[in-house]
Structures are given as C-alpha cells and as structure tokens.
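What follows is subunit A paired twice: with subunit B in the first complex and subunit C in the second.
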Partner chain A sequence: MTFDSKLLSELRAVVGAEGMVEGRASLKVYECDGYTLAKAAPDLVLLPQTTAQASEVIKLLAARRIPFVPRGAGTGVSGGCLPGDAHVMVGTSRMRAIRNLDLANRIAEVEAGVVNLEVTRAVEGRGFYYAPDPSSQSACTIGGNVAENSGGPHTLKYGVTVNHLLALEVVLPSGEVVWLDRCGEAPGFDLVGVFTGSEGTLGLVTAAKVRLMKKCEAVTTLLAVFPGVPEASRAVSAIIAAGIVPAALEMMDALVISAVEAAYRFGFPSDAGAVLIIELDGLAAGLDALAERVGQACIGEGASEIRRAADEAERALLWKSRKRAFGAMGRLTPNYCTQDGVVPRSRLPEIVAVITEVSARYGLRIANLMHAGDGNIHPLILYDESKPGEAERVVAAGDEILRACLDLGGSITGEHGIGVEKLGLMGAAFGTETLAAMADLRAAFNPLGLCNPNKVVPTDRSCVEVVRPRPRGGG
Partner chain B sequence: MAATPTRASAPIDTTVFASLGPGQLRPGRELDALAGAIPQIVVTAREVEQVHAAITEARSKKLGIIVSGGATMLHVGNAPRTFDIKLATTALGRIVEQNPQDMTVTCEAGVTLARLQRSLAKVGQRLCIDAALEEKATIGGIVATNATGGLRYGYGTPRDLALGLTAIDGCARTLKAGGRVVKNVAGYDLVRLLTGSWGSLGIITELTLRTHPLPAAAATLVFDFASAPDLDAARGRVFGSNLPLAALDLAVDLSADSDAGAGSSVPIWSLIARVEGSEEEVAAQGDRLCALCGRDPADAVEAWASPVGADDSGGAAVRIGTEPADLVPALVDILAQVRGGAGASDKGPVALFVGGHLGSGIARLQLAGAGSAGGGSAGGAALLRATEVGGRVRTRVVERAGPGDFTGHDVWAPLPASFSLMRELKRRFDPDAVLAPGRFVGGL
Partner chain C sequence: MSGHGLPCVHCGLCLDTCPTYRLLGTEADSPRGRIYIMEAIESGELELDAQAATHLSRCLGCLACESACPSGVSYGRRIDEFRPQLAARAGTEGILKNAAQSLYTNPSLVDLGLRGAALLDRFGLGALRRQAPGLGLLPSASTSGATTDNDGADWKVTPLRRSRVHQPLRARLRVALLSGCVGDQMMPQINRDSVEVLQRNGIEVVEMPGQGCCGALALHSGRRDEAVALARANLAAFARIDDVDAFVTSAAGCGALVRDYDHLLAGTDVGEEAEAFSALCRDVCELLVEVGFKTPSRPLTSAGPVAYHDACHLLHARGIAAAPRKVCEVATGSAPVDLGENNLCCGSAGSYNLDHPVLAEQLGRRKAVLARQSPPTTVAVGNVGCMLQIARALELEGVSAVVRHPVQLLAAAYRQSAGRG
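Up next is the complex of A and B:
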C-alpha cells in the first residue's frame, strides 16, 4: 500500500523521523512475531513516544479509514501482530517511562513499552515485584502482556496479567484516549477485564497501573525426576488433590530436557523421562514440611529422585533452564511450532496420550513443556520447513491436539491468544451466538474494524479463509 | 431518581410460560416493589428455557426484567425505568459438577453460597468468597454484583474466581463464556464483562468457579487501637509486609459514643486480620502481626465473618472506594462530619456501622435501621454529604438510601470516564433495554 505524501508528512510531524520505519529492509524486522509460520511485513511502522502522539497518529489514520495493527515487543506466539489487512503498524516500543511508583498503595503506573522484567527491577530494592512472569519477560512489554493477558510459570498461585491490573490507559481506534479503571470498585462494567487479552483488537494500550506484590519470606524449589510424562502428570494431580497450591508446577519431557541440558548444563539426569519443577513459597515456617509432603506425593507416583535447589544460584539456573527452553530447542530442530492448549488438570494424562499418538501418526517429534499445575500444555512440534509439506502437517497436528483439548473440556489457548493461528478453531470452541456477542463486543470499541482487523473472532470472511502457513522466506 | 416507572408497559402474555409449573408464576405484589414500581408478574425459573422465554417476551413488548437471586443486593441500583417481570433464579439450584482434582465447581445461578460451601467442604474445599448473608446470597447474584468480603485480600474477587458462565443476554442469545479450566484466553472475556454487570447485560444461569483447599488451620485476630492514626500506622506496616494474609479488614466501633454521651469519647478502631494455612504458618503469622501492630490481639477466634457486610435492617448505607492508603484518613473525615460536622442533623450519638477492606481501599458505612436511634432519613443525607468532603473518596455507591432519603443522586458515582463505551456495550447486548433498565451506572 502506498500512502499519500500529505499523510506521511503529517505523521512525521507527530512522531518525528525516528518514529517512522519505512523501506523494505527496515520493515523486515516487523514481518512476524514469535509465530513464524506466517510472515508479512507492514508498509509503514509508527513508533509514538507518548500517549498524545499515539492518539494523534491513530486519529490521522482513522480520518482516512486506514486500518492499523498494534505491536509491543513482537514476542507474541500466535501471530496477533501480523498486519493482515492492516498495512500500518503502531508500536509502543518507544513508550518506556515508568510514570509513577506508589509503593504505599502497591501500584506502579508504567507505559506500554516498559519491559515486564523492568517493572520488577524498579521496585525489587524495596522488596516488591510484579508477579506475571512469562518466559519472555526480559523482552516482552507490559502493553503486549495486557493485549495477550500473558501468563507464566507462577500463574498457578498468583494469576495471569488481568489479575494484577488496576487501570489501563488506552487509545481507542478513533484516536480518543480513555482510562479504564477498576480501582476501589469503580462503578460500571469491568472494561479492564474486557480489554485485557483482546489481542490489540479493541485499541492500543499505552499505559497500565499494575499491582505490585511483596516478595515472599521464603521460597524453595524442587526438581522431581520421573520415568515418563504419564507418571509426572499423575503426580501433578496428586499434589493438587493433597490441597497444595504451589507457586509454580512445571513439567518438561525428555526431549525438552535434552535440549536445555545441552544449552545450560543444569545437571538433569540423562535418563529422565520427565521432570517437574515445583516451587513453594510463603512463610519460612512450615515450608520444609510442605516440601516434604510434595516430595512424598511425587515419590508415590513413581518419582525416582527429588532434588531441592541448594541455594539461589541453583534455583536461578533451574528457572533459566525452564524459561529459556524455547530458545534451546534450536539445538534439536531447524524449526518448531509452540502450541498452547488447556485441559482440566486431572485430564493431563489423557492429553499426553493424545499428543503421543498424534506425534507417531504424523511422523513429527513433539516435545512437551507444560504449566502442568494449570493444565496448560505447550507441545512443541519440531519440523524442518525446507521439507515439502512438513509445515502443513505441523498445523494439522496442532489442530488435532487443540481439538482434543476441547473434547476434554479445555480450551484452545491458555496464554498465547488466538491471533491468526487459531482463528479457524474459534467455531469449534464457541457457539454462533457467543461468537456473535464477541463480535458485538469488538464493535462497541472498534466499530469500523480499523484496529487489528480479522483477528480473534472470525468474521464472515476470515471464518472461511483459514490461515495456512507459507514456507519461510515467502513473505 | 424517579420513583415511578417512566415507560408504560404492555400486558404480558403468560401463555409463553406454558412450561411453568405450580408456584413458578404469580402476580407482582407490594413486597416485590423497587422504588415504588411493582412488577406485573414474578417468574421463578427452574429451567434455562424459562429465562429465555421471559427475555424473548420482554423484547417483543419492550418490557423491563429485573433478575433476583437471594435478593440481598436487589435494593441496590437506580430506580428502574420500567419493571414488569421479576425473574427469580432461586430455583435454578443444581450443583452440576464438583471437580476437586481440578479445583473447580460448576453450579446453577440460584445455588446459595452457604449451600455450595457445605457441598465443597465435603471434599475438603471451599469457594474463597465471603459475601454477606451467605444463607440467602446466590452464586449468580454474587458474580453479577462482584460481591466480596474480606477474603478478597488473599484470594481476589469473583472477577478473579469465576472461570466460566452461561448467560442469556438482552438479545436472548445464549452466551457460553470461558470454560472449566483455570487458564483460558480464547476470544473476548465475556465472563469478566458479565461479572459485576448487575444484571444489565445478561441473566447468568450457570457458573464455573475456581475453588481452594480448606486450610488446615485458621485464626481471626482483632487488634484494637484508640486512634485512627495508630491504626493507620499499623495498617501501613502490615500492608507493606510480606505476610500472606487471607484478609485485612477494618471495623470502627462507635458505640462508645452512646455510652459516654455526645462526642465525648473516642471510637475504637480495629484491624482485623485473617490468617490461614498450616498450624505453623498460622502461629507464625500471628506472632508477626502482633509485632507489626505493637500489641496483643484483643480477640482471637477461629471463625471468620467480614465486618464489611450487608444487612437487611433497612438503614441507609454507602460504600466508598479510595486509594488503600487514603481509606483511614477518609473515614476520619467522614466520621467527623457525621458525628459533629456542619452536615449533621444533630450532635447526638450516631448509630453507624463502619467496616472496610484495608488492602483495597473500600469501606461500607451503614446507619442503624429507621426505627433505631440515630437512624432515619436526615442521617442518611448527612452520611452521603460527608463522603463528598475531603476529596479522598474516589467512588461511592449508595447501597440503600433510607426511607424517602437522598434520592436524586445517581446511585453509582462518579460516572466513569469510559461511560460511552459502557453505553455502547449495553446497546449491543441489550438493544431494547429490557434488562434492569435504568438501574446501573449512568442510568444504563
């Protein structure tokens, strides 16, 4: 798409030359997010530095009915910031201010481009932290976290992004700036709850007031080693059934373990079929006893070894191994596709059986990484995009796994979002009346469909046009 | 708000309710009235189809439906523009599925909180919602009003605990939102849209909620302070600590006033902490609390009842919201006004009950019922004016106006900055304004 020179000069007047990205080479960076099965670069990227600038550029686009797609750090994994029918991208990466730290009220007001981990860095000296901790937390931004309602390993006890938000400053697709507020039981609908996880389809979030947590007095991290994924899955149920809610309860299977061991050398047993990483936190009093109960529950389900991180360094290495597992997968495969399904926790053994069967039938290796305590599975389907037809098989295998999640009473996404990736499954997940209501919700915020069109809820058009991958290098 | 309906209503065709059994349909009576409006009929739905039929009939004739669970919060809201059908959900009473291994429960909207808790206790679990009047309050009503007690400090509100729901919206569409899993970001979050929407977008018929294990041990510790600043300093230390409390509440006992005569004595400010966990954790938290409060508890019991309740005494009641650190200073201002300030009707003792959530900056102030000393209408008006003094109160809801008192105010204040979005949502989910017409914020 080409833009008239008057518009370009008006946009430049708002964001400056440094706030505009043009030209094919520069735009290539923006051709995809972490979902690499589909790529398409936008024709123009705008990077406002303030809310006022964001409002101005969106007003200029709206006046010409030009659709746009919001973007945070581009770490999403469902293609939520692929341009689609929008040729302009509005990114928040230059909105980096921490506006206010109100520790007396445990609130931080931060702009959308602030990196997740920077929030914690800003307050940890005073004993506080920001709880949601997606694996990409050293790169992903608060704005993107809001758009995707991001989770992470510690959501089991502490909840996902939406549970930690008090208010949002958003630019609506019309360019109007509005605060959505749920502090102190603000009257009205929970628009913070509605906006969070809307994947950039209701407007551009420019700032958030987030709740800060106080670091626990004590934390202990266990590694439980199992002969296989079925035993580890049963141990998850046993821990939950014992009335224990760990801070985190994560699973990695043998394939993931082999990749992270090669990358980070934590010292996982080479013959482990699966491990659970179990974090317990709270008061120092009673924590040892709790760890003992968790260990016994694991042994009761066949764990061969229970290891407890001896010190903070060992604990940090264990978490690094877990959170950077995605990056380590490159050692095993040229390409992989991360899926994101949810089942009721007690159905984990069943979905694991499905994954094993799908893997064999499609002839694709599937590594399993799970937020097991939440029933949130991340099968990593390994493939080689240079082999003809393999990417298509990956998509089909992923769809089968997600449909099995639905059959088991679960969901097609726990934290990665629908994006373009799962649009074709929304009809299986929701009835027509519910989807129509979702379309109405979008229209209330985004009546002209100018903001991130054709995502999340299938329109008449996108419903029949299921997104399929293109070979890498094709876009 | 106007005390009489402003929309003339067409008569209801009761034959559309052919499936209703005995006792499920009756004419409206005086006791059903809201702000003077008596509904034409009262339907007690036993099946979702009956909710659907009521909304369909209402749409075709532009009638007003107000949904009623246990009616513990039914009085809260602006006067309805029209009130033709009172739809009771109390007979939607099935506990559909308990999944202790998944820590979820699915039930119909009319199940009372107490009944669900008894059922969950049999499998060692509970719902961490301590809304008031639990024998009457229904799960549907609790979620529709986002009702909470002090456990919101440790476990969140229904917005955090509701995982899925089924509702019939004002277009008579059946919405199946969320699911039965604890983590779910598929599509827009209609669960959160409906939670706390006070029956104005849809009628909730079934819910799935997150449950928690029953704690092995628990204690409620009450620390009394002779002055608000002393309590507030302790509050700051406790709130700034890393104690994983289940609740951190406040109660102000003004009864000392009446004992000692007008204005001559000081109220007792109590910090009420709920600690839960293993025996060891409960004991350790108790010790830490004593140190942070600089005193021993005046009372320590195993039972828990949040001091921020609702009651049916009929006295005027207002809920306020402030920043957490502003709550106690705001209450000091309000009490000074009510007890002796220019706005008070007399300088005599005031029977006022004050409870608050110290972690979230929420308090509820209630005058004794109209028949009691210090109650009555003049006190209610003074109470409302008092909340407007000092500038610390960010939000306020007039829960009950008291007899013939402080009408003319929007019950919900202030009008949110995002009100135009809310109006758009209402228009799209309830285009004929059949659900609780006019009752919610800004007359939605």
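Up next is the complex of A and C:
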C-alpha cells in the first residue's frame, strides 16, 4: 500500500523522523513476531513516544479509514502482530516511561512499552515486585501482556495479568484517549477486564496502572525427578489434592531438559523422564513441613528423588533454565513451534498420551513444557523449515493436539492467544452465537474494524495460509 | 552462508539487552532484526543497500545479545563475517573512517593528539577542544588519568620497563603481557600497574618482542584480512618465547579477540598454534583471581565509594563478572556497587564513537547520569576504551568522579601499604 505524501508528512510531523519506519530493510523485520509460520511486512511502522502522539497518529489514520496493528516487543507466539489487512503498525517500543511509583498504595503507572521485568527492577530494592512473570518477561512489554492477558509460572497462586491491573489508558481506534479505571469500587462494567486479553483488537493500550506485590518472607524451590511425564502429571494432581497451592508448579520433559542443560548446565539428572519445579512461598515457619508434604506426594506418584535449591543463586539458575527453555530449544532444532493449550489438571495424563501418539504418527519430535499446576500445556513441535512439507505437518499436528484439549474439556489457548494461528479453531471452541457476541463486543470499541482487523474472531476474510518456508535461515 | 552455529529461533529475548534497540526502538536495530536482515541478504530477499547497511553498522558488537540468547546464537561471529561487505559498501565514507582509525593506531599521531588536547585543556579551551573531530573524543587528564596524569608511565618503553623493581626472585608463574596498541599509549599506567601487581604476587612477567595490535579494531571494521595478518604476527611472537603459563591483557577488547584467535584462524596453517595461544590468554583480573593474590595490609580508602561497570568484552564476550569486582573489593576493602545498567554498553565499542558519535554519546551520558544518582568517587571498569568513554561522559555531564581500571586500584593499594608498612 502506498500512502499519499500529505498523510506521510502529517504523521512525520507528529512522531518525527525517528518515529517513522519506512523502506524495505527496516520494515522487513516486522514481518513476523515469535510466530514465524506466517509472514507479511507492514508498509509503515509508527513509533510514537507519548500517548498524545499515539492518539494523533491514530486519528490521522482513522480519518482515512486506514487500519493498523499494535506491536509491543514482538515476542507474541500466535501471530497477533501480523499486519494482514492492516498495512500500518503502531509500536510502543519508544513509550518506556515509568510514570509514577506509588509504593504507599502499591501502584505503578507505566507506559505500554515498558518491559515487564523493568517494573520489578524499579521496585525490588524496596521489597516489591510485579507478579505476572511470563517466561519472556525480560523482553515483552506491559502493553503486550495486557493484550494477551499473559501469565507465567507463578500464575497458579497469584493469577494472570488481569488480576494485577487497576486501570488502563487506551487510545481507541478513533484516536480518542480514555482511561478505563477499576481503582475505586466504581459501579458498572469492568472494562479493564474486557480490554485485557483482547489481543489488540479493541484499541492501543498506552499505559497501565498495575498492582505491586510485597515479596514473601520465605520461598523455597524443589525439583522432583520422575521416570516419565505420566508420573509427573499424576503428581501434579496429587499435590493440589493434598490442599497445597504452590506458588509455581512447572513441568519439563526429557527433551526440554536436554535443551536447557545444553544452554545452562544446571545439572538436571540425565536420566530424568520429566521434572517438576515446585515453588512454595509464605511465612518461614511451616515452609519445611510444607516442602515435606509436597515431597511425599511426589514420591507417592513415583518420583525417584526430590532436590531442593540450596540458596538464592541456585534458585535463580533453576528459574533461568525454566524461563529460557523455549529459547533454548534452538539448541536442538532449527525451528520449533510453541503450542499452547489447556486441559483440566486431572486430565494431564490423557493429553500427554495424545501428544505422544501425534508425535509418532507425524514423525515430529514434540517436547513438553507445562505450567502444570494450571493444566496449561506447551507442546513444542520441533521441525526444520527447509524440509518440504514439514511446516504444514507441524500445523496439522498442533491442530490435532488442540482439538484433543477441547475434547478433554479444556481450551485452545492458555496464554498465547488466538492471533492468526488459532482462528481456524475458534469455530470448534465456540458456537456461532458466542462468536457473534464477541464480534459485537469488538464492534462497540472498534466499529470500523480499524484496529488489528481479522484477528481473534474469525471472519470470512481471516483465513491465514501457512506460507512457504523461506529458502533458508532461522525464523 | 551456513556454519553459523545455532540458528536464531526469533524468540525476541535478546531485544531489550541491545543498546541500539533501547535507544532507537526500531526492530531493525535489534539483534533479532539484524540477524533477520543478514539472513534475508544471504537468501537474496534483500540487498545490502544503504538502509540495511545502516542497521547492521549501528551494531556496537557489545555481545549483550549473546549473553541473553538462550539458543546460543553466535551473533558476534556472524556480524563480523558480514563486516567486510559493509566496509566494501561504505566506499569513500569508509576510506575516511579508516583514515581516522589509522590516526588512532598510529603511535606518533596519537601522541600528537594527546599533547594537543592537554595543551588546549591547560589553557582552559577544553570545551572548544571537545568540539574538534578526533580530539573531541579524548577526555581531559583529570578525569581519566589519560594524559598527564599517568604518573610517569611512558608508553614508549614496554610495560615491563615502565614498572619499577618488583620482579619476583622466585616466581610461581611466568606470564607475558599483551600490551595492545592505542590504549597502551593513552593510558600507559594501566599496563605498568598490571605488571607491578602481577610481580608483587610472585608472577614473573617476561617480554614478548614482536607483538602488536590484536586486530580487533580492524576485524570489527570489516578489515578481516588485516586482522588475520595482525593475529599471525602475534602468534609468531608467541612462538618465539617459550614456557609461559599465560598471556595477560588488561584491555577487555583485546582479551576477547585473542581468546577468539582459534576461531579467526581455524583451518589455516597456524590453526593449532592459535588454539594453544587462545587457551593461554587471560584477563589480568581473571588471572589474579584464578591463581590467588595478596590482600594489601591497608585498603585504599582514598578511592572513596567505587562503582563498577562491566566492560562488554569482559561480561558478554568472556562471561567475566566476579573477578574484577573481587580485585576492586580487595583493593579498597569493600565490595563495589554496580554503576547501574551494567549489562548495557557505554558506547565506546572500539571505533564506534568515530562512526556513530550521536548514539555513542547518548550511551555514554546514560552512564554519567547513573553515576550522578549515587555519586561514586571512582568508577572502575576493566577496559581502556570504556574508561575513556565514561570519563568523557562524566565530563560532559559535569559529574566529578575519576575512572580507574581495577588493577590501578590494587596497585595503588599495594604501594600505599608498602609505603606505610
């Protein structure tokens, strides 16, 4: 798409030359996010520095009915940033101010482009932290977190992004700036809740007031080693059934362990079929007893040994291994596709059996990483983009696994969103009436479909084909 | 081109560690973006046009992205392989740049520059001098000890001859010092102090005649052949001395490259020598901590609070974080604090401030602003280039703190202890 020069100069007047990304090389890098199976470069990327600038550029686009797609750090893994019909991208990478830290009330007001981990960094010296901790937290933005309602290992006990939001500043697709506030006990609809998880289809988040948490007095982290994924899955249910809510309850299988071992040399037992990482926090008194009970539950389901992080450094390394496990897959494979599905916790063993079967039938290696406490599975399908037909097989295998999640009473995404990747499954997950209601809701905010069109809720135009792999390279 | 090692899986975890992405916010100026551009050029989807070249050449080579990458992508080697193409493209602009660079590697020209700068500063013309090309990059003597504050160290003689009389009678180790080129000239006292500190710890330091520039500046500017030639010359010098336990550098930038000679020269007729040589190379602080070093009887309290900054080529290229901090701690009697944003490059990066002065200055000023927040009396950093860059930024921001190499602090502590018993 080409833009008339008047529009371009008006946009430039708002964001400055540094805020306008044009030209092939500069734009090409925006053709995908962490989901590399579909690619399309935008024709223009705008990087406003303030809410006022964001509002101005969106007004200019709206006046010409030009749709746009929001982008944070592009760590999304469902193709939410894919331009599709929107030829303009509005990125928040230059909106990085921490506007206010109100520690007395435990509130931080940060701009959308602030990186998740930076919020914690800004307050950790005072004993606070920002709880939602997606594994991508060192890179992903608060705006992206809101859009995807991101969770993390500590979601089990502390909830996902929406549970830590107090207010959102958003630029609606018309360019109007509004604050959606749930700070006071205001009556009426919870619009923050509506906006969170809408994957950029309702407008651009420009800032958020988030809740800060006080660090727990004590924390301890256990590593339980199992002969295989089925035993570990059963242990998850056993722990919860014992009435214990760990701060985190994560599973990695043998393939994932071998990748993180190559990257971080933590010293995971080489013969482990699966491990659970179990974090317990609370008051110091009683933590040992709790750890003992968790240990017993694991042994009861077949754990061969239980280890415990000796100090903060060991704990940090263990979490680094876990949080960077996705990225570490590059050690095993040229490409991989992260799947994201949910099953009721008690049915983890069943979905694991499905995954094993799909893996064998498609001839694709599948590694398993799970926020097991939430029943949130992340099968990582390993492949090689340069092998003809493999990318297509990956998509089909992923689809089968997600459909099995639905059959087991679960969902097609836990935290990575629908984006373009899972549009085709929305019909299987929801009835037409529900989908129509979603479309109506979107239309209330985004009546002209100008903001991130053709995502999340399927339309007749939103079918995305798996593109041909590029001749060579990563992706 | 293949054989780059592990592939980039496009996860984006490296983005926020990249100084240029942090400053500019553009994906093409991020590690993931640069890899994407390089791959697209290799596969013919993109040409290496002016725009692509700009994004690639803005890379500082700080390797923060390698520290962050869970997939083990060897970004640094990859971009270095690309740099000759970038240099070839740069044409006349590149010729000028290389000329400016040779000014920096030509001993007598640097000497002239330093003298000129000192003179202007003496007559209160420092502000004017800082506007001048070339000279503007030099800090004033007071902040960095770069020029007249070298307490007598003379770059014209080898570091070994600069030092006084500390060669041990019975040495427990024998090492040679890789003295480097322009850095040694700008701050000859660092290598002198390195020699002294090693010797005072029972380590014999021997001459290594025939050694020269490590080649880093050339390699990172795309003059790969020149870098290879320089590496070969150093290997030849290495072959002439026998029986050393280690080769020691005090400049992190040189240290990172000499440790990588094995890769640079892999598959050549000197591949094996390069491997042997690389394996013996150590940063001075790294070696001290490895073999143990003495605690001075009186800590150097006059250094005041010390804020340590990690040189990228120690932290990211070599994973050396604890050793220089330990040296500072033993020297001053208390652990240094972090300057802040320690994994973010100061903007020095070899000749970066010649090529991208605006970005370099922004990065430098960020350090000075951090230094102002919790005023340190001394900023410690283990690389001459970073020392100059930070000293200059402190000056620009009007922050009064001196910049020292950790071994300088240790040498001063030893001297003070010896002096007062």
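In the analysis below, the second predicted complex is superposed on the first by the 462 of 475 C-alpha atoms of A that agree within 3 Å, B and C clash if a C-alpha of one lies under 4 Å from a C-alpha of the other, contacts with A are read in each partner's own complex, and residues count from 1 in each chain.
We take it that contacts are C-beta pairs under 8 Å (C-beta built on N, C-alpha and C of every residue); 3 or more make two chains touch, one makes a residue touch a chain.
A quick note: this is a predicted structure, and the numbers were derived from the prediction, not measured.
Partners subunit B and subunit C fit side by side in the overlay (superposition on subunit A). Once chain A of one complex is fitted onto chain A of the other, the partner contacts of A:Gly79 are absent, as it touches neither subunit B nor subunit C.
Once the two structures are overlaid on chain A, subunit A sits at the apex of an angle of 130° toward subunit B and subunit C, using CA centres and rounding to a multiple of 10. In the superposition on chain A, contact is made by A:Phe189 with subunit B only, not with subunit C.
Of the two partner chains placed around the shared chain by superposition, subunit B is the only one that A:Gly409 touches, whereas subunit C remains out of contact.
Look at A:Ser198: by the touch rule set out above, it reaches subunit B but stays clear of subunit C. Contacts of A:Gly419 after superposition: neither subunit B nor subunit C is touched. Contacts of A:Thr434 after superposition on the shared chain: subunit B is touched, whereas subunit C is not.
Here subunit B and subunit C are compared by how many residues of subunit A each touches, and B touches more. In the superposition on chain A, contact is made by A:Tyr336 with subunit C only, not with subunit B. Fitting both structures onto chain A leaves subunit B and subunit C with a minimum C-alpha separation of 21 Å.
Put simply, subunit A uses no single residue to touch subunit B in one complex and subunit C in the other. Interface residues of subunit A, counted against subunit B in their complex, comprise 102-106, 127, 148-149, 151, 155, 159-160, 162-163, 172, 178-181, 183-191, 193-194, 196-198, 214-217, 237, 240-241, 243-245, 282-286, 289-290, 342-346, 371, 374-376, 409-418, 422, 426, 429-431, 433-438, 440-445, 447, 456-457. For subunit A in complex with subunit C, the touching residues are 18, 21, 23-26, 28-30, 32-34, 36, 45, 47, 73-75, 91, 93-94, 113, 115, 136, 138-140, 262-263, 324-331, 334-336, 470-475. Looking at the complex, you find that subunit C touches subunit A at residues 2, 6-17, 21, 24-28, 30, 32-33, 35-37, 39-40, 42-46, 49, 51-52, 55, 68-73. Those residues of subunit B that touch subunit A in the shared complex are 99-104, 124-125, 146, 156, 159-160, 169, 171, 173-177, 179-190, 192-193, 195-197, 201, 212-214, 236, 239-244, 277-281, 283-285, 319-325, 360-362, 394-395, 397, 412-419, 421-422, 424-425, 427-429, 440-442.
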